[in-house]
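For reference, chains read A, B and C in written order, and residue numbers begin at 1 within each chain.
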């Protein structure tokens, strides 16, 4: 057995493969939360992305890469459209962010709109016309160890890396990114300095929707090139936890997402190697870890260094002048 | 600024005030709380719009719709409570909102060098990459000033700038201000601290009760004179108490070297010692922000103390335990009556048992006795003349005066040994004020010891037997009422002792 | 558009807005249906028929409504205090585990003992599961939204583990087919909770218990000293502290109460309906999350929770029974979501007064001058 089939390499490659939708969704949610908006509807938005992208891919013809790209974008657009509801309710109408997000998940999720669309359009039971296959990057796929891990992934994986780099640059190197951070930290300060708080919140909530939709599209176009009701099975919720786990920093979402990816695939991989531990033990690790991290983060010390945007979850109402 | 008038519901904050400052001068704005100086400054910086009057910068008439307009005109303000985003860096905060250079790109190196250049020029060393929460208060203030300078401020308004600084940091600040005025910039220095004003300003404008009292050159005046302008008035209410506690009274409340920290972690109460006798009213005078609120909270147990001891009738109170303080007979009429003193959505009847709900006769074995609650409410509402549609009315619908009556009714009826009353008549009309003061006097004559913390010197002078003055967290003096005169008190309140 | 906080909400408005939201939601959903080429009126009529009027419909609706009522009360209890307990789902699972465990252990006892035991088991397990995030919130100020959510997943995994990946006590191991196709042990007949025939429908025991809880609610909040503390804390934390109330204990206790109610929901699922620990069924039903929807629509009022639970239960029930090409799955979620959206939007009208028009140069609300200008700040 060559080293590229060893458990470590396979695990690492799977971790990246399974963790990628989480990266998209988490970065999206991170942007929204950085502006102060908590969006618990990620799961619903991902499912919208999954179903619409699948529908698109079944109706598009042409070269694979074009169809897939369009389908992914369409999935993102659908999720963005749905996220506008949350944005309007929460930013415009000052509604309770928690309830609104949950309503979004119910509306769009596995018992809602995405399921409705899937069933009406009879999308179930048929494989995708086009699917994301692994790309052999510059022929490096067979390099020992790093080959299968880094150079044999599909286009969206590479897209996610680009996204993280872009997000980092955006947050820390551009003027708009600075304004975004100040809106989430202290909307009063931002407002006084002339930053339009509402506009930033709208924009970044919608961006979060778009990215969640792309993450969802990954499920129906890359992981299982099929459509099933509720196929993300909770990935959206994990993405929300991931944002905290990553201390609201884009580069750490990669770490967190792949960690989750490992835990997801660990069970299967180990079973294939005759190691028997209840898969639930591994599967529950990420959730337990998140709670632990959260406790650390919520103590005053950590809060300032690595913490949540201070104004997360609260509506911003400007007092009269 | 000419004939500036600003009204808020129920208050005339600025009454036709004229104010002018020249290039290169440090002009101080002096007044007690409620004098209107903060309002005037806020108007100048664009936070408020005046109801009447106009502003001119360099002879050109301007109208500010927002702080941004003011900043564009070269007017910037450094607030008492800094407007900084805590987890962002110094450079980030300085550059925030500045859209002058370029759209998306910001080169951190350029900003850092600009910041460094400014910092060196004014000798205000800062670390561009440090995060705000890491900085001391003095350093944070420097960031605020650099923020203004970065935008080319010609007029800089400082609101109580030395409130949170150490003496050394204050010195550094004055150095910086001198450098700025040497360049022709104008500084408006809002403060109530006489010594500082004398040291740093060229002219002083005094406001009192919303009106302009006068503008003088600093070299031609003195602290006593300024104090008189700031505080001097005839005493309005002739509601005198007899001036001393009954003979042989016990010490109901004793503070020994009590210290406590404020919300920002800086010491707000420093080494306070005080004794209160039964039947005595001790007034604590001082300009707001000198630790009075924290002192009240420490005594009532809602704020933990960092040092010292508090004894009620000789027994020591545990730090930070409001339940025990209440049980031992400490009543507290808080400053923020609607936010802390009552539970706003709950009914009057419920608020009247806010503290007594856990004991008999209101509750037996954990069950509330509604008949007793209603009887209690009826009784208290009559005795204290609380006017409301009914005992079930939510408390937040009441007028300020009635809310205060609810608080007082509750506190007084709990047969306390000590009452700590913080600004009990603030925001009340004349009738309600009279009512509150009578109640306090009556309580004292019933043997309750009252600690009256108030920013209203009139009130203290008419009610207190002894007067303590608080300044920067310390008690700078305790006088018997007979020995106190307004000028002397004003000086103490402003930190200057004769 | 200008927004001002209201001081009081007029009674008629408090009723009109939720009703209007319902109507608006149905109207908006019609659009979705029309887009898919369906006839909305016909579908709605069938919905209502299947929910309430067809024979046997009301009984089925009560079946669906029972857990919704209990998780709805659980969510309402916590949300009133601004404790965002989203863990109703996990607490329900734990309640199911606890109740079925007790039911199996006590299999040889009489009906009354078993049922009482199951109720207690459900209450305790649910409460225990909620106390963890409660303690974290009270003592470490940890955000309870995420902690309760995370524990939902752990609970779900625990459920799967007990039946699918272990040889636990809950698992049926006596027959060959049971060992090959994992399933839980069926509870004894004596453990079946009673139900009451009221003529037009059959009412499950769990529903009765839920209604009793709703009825006792005001008694608890209004007449006990502890309920008083909770009311104060939910209204104004600083007033609570000022009044000497030990806020941390109240937080933990209220979380425990909320969890207990959700756990009771789990117990009812086992005792009233399933009689066996059925992980897949419970996980797919999403009863804990649905309870939050119920609580939100009912604006945390316990009597309203009863009504809303029956309404939403009817909706869900009709949805399942109508499922087919003409009535695709997913419509239920769409309707529920829409109702919630409009209700949320309507909230604005209840809490604020919205006026349109040019800006006057009006002064701000009463500000105490001595406190200085608050400037630009949030609520």
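To be clear about the criterion, a contact is a pair of C-beta atoms (placed from the backbone, for glycine too) under 8 Å apart; a residue touches a chain by one contact, two chains touch by 3 or more.
None of the values given here were measured: they were computed from a predicted structure.
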Chain pair whose interface holds the most contacting C-beta pairs: A-C
Centroid comparison with chain A (C-alpha atoms), farthest chain: B
Geometric centre distance via CA averages, chain B-chain A, whole Å: 47
Chain B and chain C, separation of their C-alpha mean positions in angstrom: 45
Chain A-chain C separation of Cα centroids, rounded to whole Å: 27
Shared interface positions of chain C, touching two or more other chains: 363-365, 375-376
Touching two or more other chains - residues of chain A: 188, 192, 321
Multi-chain contact residues (two or more partners), chain B: 47-49
Residues of chain C defined as touching chain B within the complex: 7-8, 222-229, 231-232, 235-236, 238-246, 361, 363-373, 375-376
Residue ranges of chain C in contact with chain A within the complex: 3, 32, 36, 84, 86, 136, 140-143, 145-147, 149-151, 153-154, 157-158, 160-161, 165-166, 286, 289-290, 292-293, 296, 328-334, 336-338, 340-341, 344-345, 347-348, 351-352, 362-365, 374-379
Chain C partner contacts - residues on chain A that touch it in the complex: 38, 40, 85, 89, 93-96, 98-100, 102-120, 187-188, 191-192, 229, 234, 237, 240-241, 244, 278-281, 283-284, 287-288, 290-291, 294-295, 298-299, 311, 314-321
Parts of chain B lying in touch with chain C, wherever the complex brings them together: 7-11, 13, 33-34, 36, 38-39, 42, 47-49, 51, 79-80, 159, 288, 300-302, 322-327, 332, 334, 336, 339-346, 350, 353-355, 357-358, 363, 366-368, 370, 394, 396-397, 423, 426-427, 455
Chain B-touching residues of chain A, taken from the complex the two chains share: 173-176, 178-179, 181-182, 185-186, 188-190, 192-195, 304-305, 307, 310, 321
